[in-house]
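The two complexes that follow have subunit A in common; it is paired with subunit B in the first and with subunit C in the second.
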Partner chain A sequence: MEEASRISRYLYTVIVLFVIWLFLTSSLDPQELIIGALFSLIVAALTYEVFTEKGLANLHPKRIAYAVAYVPYFLWAMIMANLDVAYRVLHPKRPINPGIVECKTVLRNNVGKLTLANSITLTPGTITLDVKGDRYFIHWIDVKDATVEGASENITKPFEKFLKVIFE
Partner chain B sequence: MIAEIVGEFLVLFGTIFYFLSSLGLIRMPDVYNRMQTATKSATLGSLGVIIGVGIWAIGYVGSYAWLPKTLVIAVFLLLTNPISAHALIRAAYKSGIPLWEGSIVDKYGEYLKKEKEASEETKEGEQ
Partner chain C sequence: MVKRVLAIILILITGYWLANALAQVPFGADKMLVGKYYLENVKEQTGAVNAVTAVVVNYRGLDTLGEVTVLFIAATGVAALLWRKKRERTAKSEGSVVLQTGSKLLLPFIMLFGAYIFIHGHLTPGGGFPGGATIATAFLMLYLAFREYEIPHNVFEPLEGLAGMGYVAVGLIGLIIGGYFLFDWIWQTWQLGHANIGRLFSAGFIPIIYTLIGLKVGTELTGIVDNMVKEPKEGGQ
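Showing the complex of A and B:
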């Protein structure tokens, strides 16, 4: 994927930093806004090269809509994951069946891969052990299917349909 | 009033998952399964407690300034916690801690072995 222009990457970094500043100060006082804008301009000038590759293209409405839809989907998966953990911890027989499986992903973008790895770690019974290229090595607490295809079907597929739109 | 009840409920919800997380540390057999319970339940527990405090403050202190700050903390936790878990579990594997004897497959071990053999072969080929 080719990189976006420097200006668009710079502006995107400024916007993200400024939004974080707004949340941190939680006040709309003009003095605070001016200082926040100044500091986001300075910090963005220093860091935009490592922060983003695509710049303002990240703010495409379709991407934002998918990202917003992804949040409740992900939180729901996370709550299910915790109920699953609760069941395994509290059950007297401790019904675990662990193993390390391999998955393949269709994502090419590094940030997308990172998000997928984080999502895998926080959802039912799986934790990312290592990523090599497009192969994920995942510790699965309850192995249902040890083959590469089956594991991908169970673990990565549900998230990929969102992450493909958000990051690719 | 409602905000207070919702906040209290969220804090209770979070502490229950904190409890389950620490119980999981005792009951699980090896480091990998312990990481499972420790990361997942601790992350959701923290989210519940932190956001719960923000919502509680609306009703109890009457201040809306807490909620955005707690949201920022919650998002940072959500983004960083799985990465630390990944670093820990990978370091555990690399330092040679064995899997639990009930484990079924170890694709990562097979992969590392294959890669090692491949690199040895290329070395021999060079000589």
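Showing the complex of A and C:
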């Protein structure tokens, strides 16, 4: 992955930090804005090198639109998965079929891989155990398909269509 | 067995004494003598909305200076105890890609939040010590996620010293202007921020001192972590 220019990465970090500052203070008092801008500039100068690789390209409207759309999509998947696990807990026979499966991902970017791993873990029934290259090792409460392709179809594919646009 | 029984009996007796003594103080009664003075005068005298901060930095500033000194001695002591010429990290394996990417992403947010805590010390709970500890957590996280990570020592150690000296310098300026050490010259003499109570630019020298303490505590705790995660190189004692 080619890196964006230093200025672009620095500016992106400043913008993200300043937005976080606005949420933290929830105040538009000019004094808060001045200090917030100052701290954003300082902290960004110290951390932009590790924080971002693509810089301002992250703020592409299409990426933001997909990221905004991903939130309700993910929340819905989480609610359904929670209900599914609640059903398994309450069912007298406890219909579980646990196992560790291997999945493949099309994501190349580390941040994308992190988000995918966290999305998988936060939807109950699946837990990411380890990530190696493009391989995910996932503990699945109800193994429907133990092959690599089948498991990817069930676990990683639904998230990937969003994450691919957001992070690649 | 006898030892354990004796210890339990001793603890029970001590606990009974303490409970007896505390029972003498009725719960919820008005016990404030000095406290009342603080609460009634804190705004005009210091400009801080957070009374705890005003007491810690303004009314009883020497105690805070002592605390900062204790922390400095602790950091120096750890460094002196663990001092070796050749030292390297002890971690045997690299963290996973999830851990490493996650800590890279969180680093600026933790640092910004630490700064948020120490600059708002006179308005919200917190101050220099929690803010500094938060910033040190960010570096602890890097140390735990990356095997090779090392803080820039040539920046951290001078910064630590400068922040400590800055605190004393602010106090000494107070001594020159107002006649006693840690006199709040920004509030009392310059009257800066008097129209601003409750907003960010108020409370005299409290935000300045808390910024210095935040930097000092942050760099100091990071230095302690740095010393603790390294061990002598094999054969290089």
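In the analysis below, the second predicted complex is superposed on the first by the 167 of 168 C-alpha atoms of A that agree within 3 Å, B and C clash if a C-alpha of one lies under 4 Å from a C-alpha of the other, contacts with A are read in each partner's own complex, and residues count from 1 in each chain.
Just so it is clear, a residue touches a chain if its C-beta (ideal position, glycine included) is under 8 Å from a C-beta of that chain, and two chains touch if they have at least 3 such contacts.
Just so it is clear, the structure is predicted and the values come from calculations on it, not from any experiment.
Novice: Using the overlay on subunit A, decide if subunit B and subunit C clash or can fit next to each other.
Specialist: Taken together on subunit A, subunit C would fit alongside subunit B, as the superposition shows.
Novice: Is the number of subunit A residues in contact higher for subunit B or for subunit C?
Specialist: Of subunit B and subunit C, more residues of subunit A lie in contact with B.
Novice: Touch check for A:A45: first (subunit B), second (subunit C), both, or neither?
Specialist: neither
Novice: Which partner chains sit in contact with A:I7 here, subunit B, subunit C, both or neither? Use first/second/both/neither.
Specialist: Neither partner.
Novice: Return first, second, both or neither, reflecting whether A:I96 touches subunit B, subunit C, both chains, or no partner chain.
Specialist: First partner only.
Novice: Based on the superposed arrangement, let me know which partner A:M80 touches: subunit B (first), subunit C (second), both, or neither?
Specialist: Once the two structures are laid over each other on A, A:M80 reaches no partner at all.
Novice: Using the superposed model, determine the angle subunit B, subunit A, subunit C defined by their C-alpha centres, to the nearest 10 degrees.
Specialist: The three centres form an angle at subunit A of 70 degrees.
Novice: Would you check which partner chain A:G125 touches, where first means subunit B only, second means subunit C only, and both and neither mean what they say?
Specialist: In the superposition, A:G125 contacts subunit B only.
Novice: Can A:A117 be said to touch subunit B (first), subunit C (second), both, or neither?
Specialist: both
Novice: After the superposition on A, what does A:A69 contact: first (subunit B), second (subunit C), both or neither?
Specialist: neither
Novice: Thinking of the overlay built on chain A, is A:I35 touched by subunit B (first), by subunit C (second), by both, or by neither?
Specialist: second
Novice: After the superposition on A, what does A:L24 contact: first (subunit B), second (subunit C), both or neither?
Specialist: Both partners, subunit B and subunit C.
Novice: How many Å separate the nearest C-alpha atoms of subunit B and subunit C in the overlaid structures?
Specialist: Least C-alpha distance after superposition: 7 Å.
Novice: Mind sorting out which residues of subunit A both subunit B and subunit C touch, each in its own complex?
Specialist: 20, 24, 117-118, 128, 130, 132
Novice: List the residues on subunit A that touch subunit B in their complex, please.
Specialist: Subunit A reaches subunit B through residues 20, 22-24, 26-27, 78-79, 81-82, 85-86, 88-90, 94, 96-102, 117-118, 121-122, 125, 127-130, 132, 135, 137, 139, 141, 143, 146.
Novice: Would you mind writing out the residues of subunit B in touch with subunit A in their complex?
Specialist: 17, 20-21, 23-24, 27-29, 32-33, 35-37, 39-41, 43-44, 64-69, 71-72, 78-79, 81-83, 85-86, 89-90, 93, 99-100, 102-109, 111
Novice: Can you check the complex and tell me which residues of subunit C touch subunit A?
Specialist: 96-98, 100-102, 104-105, 107-109, 111-113, 115-116, 119, 196, 199-201
Novice: Report the residues of subunit A in contact with subunit C in the complex, numbered from low to high.
Specialist: 13, 16-17, 20-21, 24-25, 29, 31-32, 35, 39-40, 42-44, 46-48, 50-51, 110-111, 113-114, 117-118, 128, 130-132
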